[in-house]
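You will see two complexes here that share chain A, one where it goes with chain B and one where it goes with chain C.
And then the complex of A and B:
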């Protein structure tokens, strides 16, 4: 069973890596890092704060966009080329096929994360002489955020078309990021009933604000192990639950798009 | 031929645009008025510290001598900017210390300075330095000081989990004494004794209790 999934993941990984999207992301990374290096001379009272924030901001953007676009590209190609009938012609189980495809994209994201971590450490060593460990920890948390939003997108692709799914998952990501501020606002300004409703949303909705520790990193306050462990467990559990639900839907789905 | 004419038309179009299009004006309008900066933070997601940096850079444009637009609302460019930056990055200590001290000392607007500290406290209640800034601004720039408030803030600062200094005890005792509540000093000190983090601190507090008891006996 594992070898099935592994095999599909590997082939997906290699196919995605060869796409034009990869060149696009490498170019964007190079442009962003060049911009960051240009701005690294600006001292805003706290040295290297702007540079580190720029690095983090750009890589947040790239990680999420890469996750969404690779997954979208994969599902779209699968549907337009009719690859989705593949599980019918072979002995591979539908669920293994479905999970394997997702894991292929996750591997790609891990590669991207390693690439970013190495580049960041090198740049920080060259420019400031020491590595801010908090930045690497935050980068790890952001990749977990990307994983959760990818799982949301993958779950949505089983229900609606890929284009709609990407729009919905971006909206879900935006709402999920604002939930902590919304709760703070509700506790101060809104009525008790609305506050309870928002509190419910805070715990049920994919909450991306758990992964946002940028203000600690920007002000060079280290993260404690609880601040890393909780988002890790949250992201992994929530994504696997979503993947499980998506697999159940996919197993019963009519694979002929004309039938829908 | 068609390609050449297409390029020619594009060239004409861009030339016309370059002539007609409005130029960017060097003087930007007041950038800082946002009623509820928390909504901006909500939209920005994980990019809020980067936005705080950019606003901090743009704050060079603010004239610190500008007068408050409306005294009741404590609204001025400096206060709006500081509030926005503080909401986007509540732990940006440089902005908090500079703006709060400026507002309290030169503007004589201690309430605005306290409002800035409150933003930091609202997001991260575990740090004691906003309380300490509040206490020093209150002691330094308001006459007469509000001792009740100082007592409240000292107690809150003592409850924080990160870096509450030992001299806060002295501030508490001073505020109680000035407020003619010397009988409450003993209760406060006993409370502090229970919270002491090291034997040295406990010893110091015990010495103070003994001194006050001795004074009462006389």
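And then the complex of A and C:
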């Protein structure tokens, strides 16, 4: 079972890595780092680390965009080229095939995360002589946010076309990022019933605001273990739930390469 | 189907040949609402056998190499495959083994078709399912693949869908004829190509939209 999933993940990873998208992301990373270094010469205060804030902002963008685009490209290619056909005529189970494809993209994201972590550490060492561990912790949280957004997209691709799925995922992500502010607004301005409804939404909707600790990190306020553990568990549980639901739907789907 | 037997699926465009093949391969877990599938519910699927499948179109990832593709299929079939064996498999379908290191996006249509045959045949499966495998091949390729399929009959059952009555007559032992999703003939191959021709034209397509 695991070897089948691993085979599919490996080939998905390899095929995606060889696409032009990878060169595009590497170029974008280099541009963003250059821009960050240029901007970091602006002195806006002793404690506030502009460069680190810029790095995190850019890498939030890159990690999420990369997750969406790689996953979108994987599903689009699979459907338009019928790539599921040959593997599914072997002994592999549909569910294992489906999970393996997702894991292939996750591996690619882990590679991107490792690349960012190394680049960030080196730059911080060169610029300030030390590594802000908080920045690496925040990078880890961002990757969990990207994982949840990818799981959302993957789930949606089993219901609607890949293009619609990516549009809905971006909308869900934007709403999920504003839930902190929405709850605060409800607590200050709305009735108790409305506030409770919004509190329900706060936990049920994919809540991406749990992962954003950029301000703490940029001000060198360390993250507690609870601030790391809760988003980790939340992301892993929610993503697993979405993947499980998506797998159930995929197992029952009529797979017709000509009609996809 | 009996052992070492070639079953040929014939029928007009849209008769359901490819759909029947995909049904047997388990691509339709739920037949509700499909116009053809309820007709075939008595047919067993192939899920308990080792299968080699050559679909109508080359469903290959253009970013993988030929070797990546063969290796993936071999791992999923739990049949070990060395580079030497992969080279032999592509040689058998008329490809040079050097092409295994090239990405599939550089392959021509004919090369992709041959790679599909190689990935289906290399492990001598119990059942070899081929959906119009000879379309798009030049006469040399056509002849070479026909010869290969004759050889494959020695160790695999063949299920082949084709529009070529000549190929059907040459390769087949049993004929299944489909018309608009219904199996209208199921029996031994007629005694001559003319008789097969007559049988085929007895079941023309219905008017479009019927």
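One rule holds in what follows: the second predicted complex is superposed on the first by the 251 of 260 C-alpha atoms of A that agree within 3 Å, B and C clash if a C-alpha of one lies under 4 Å from a C-alpha of the other, contacts with A are read in each partner's own complex, and residues count from 1 in each chain.
Keep in mind that, in the parts below, a residue touches a chain if its C-beta (ideal position, glycine included) is under 8 Å from a C-beta of that chain, and two chains touch if they have at least 3 such contacts.
Given the structure is predicted, the values throughout are model-derived calculations rather than measurements.
For the composite obtained by overlaying on chain A, chain B and chain C can both be accommodated side by side without a clash. Touch criterion not met for A:2: it reaches neither chain B nor chain C. In the superposed pair of complexes, A:192 makes contact with neither chain B nor chain C.
Once the two complexes are overlaid on the shared chain, A:184 sits against chain B while remaining clear of chain C. Touch criterion not met for A:204: it reaches neither chain B nor chain C. Between chain B and chain C, an angle of 170 degrees opens at the CA centre of chain A in the superposed model, to the nearest 10.
By the document's definition of touching, of the two partners only chain C reaches A:81; chain B does not. When the two complexes are overlaid on their common chain A, residue A:252 makes contact with chain C while staying clear of chain B.
Following the chain A superposition, chain B and chain C show a smallest Cα-Cα distance of 29 angstrom.
Of all the residues in chain A, the ones that touch chain B in their complex are 42, 44-46, 49-50, 53-54, 56-57, 60-61, 142, 145, 173-174, 177-178, 181-182, 184-185, 188, 208, 211-212, 214-219, 221. Of all the residues in chain B, the ones that touch chain A in their complex are 36, 38-39, 41-43, 45-50, 52-53, 56-57, 89-94, 122-123. Interface of chain A with chain C (complex): residues 3-4, 7-8, 11, 14-16, 18-19, 77, 81-83, 85-92, 251-258.
Those residues of chain C that touch chain A in the shared complex are 18-19, 22, 25-30, 34, 51-53, 55, 57, 59-64, 68-69, 72-73, 75-78, 103, 119, 129.
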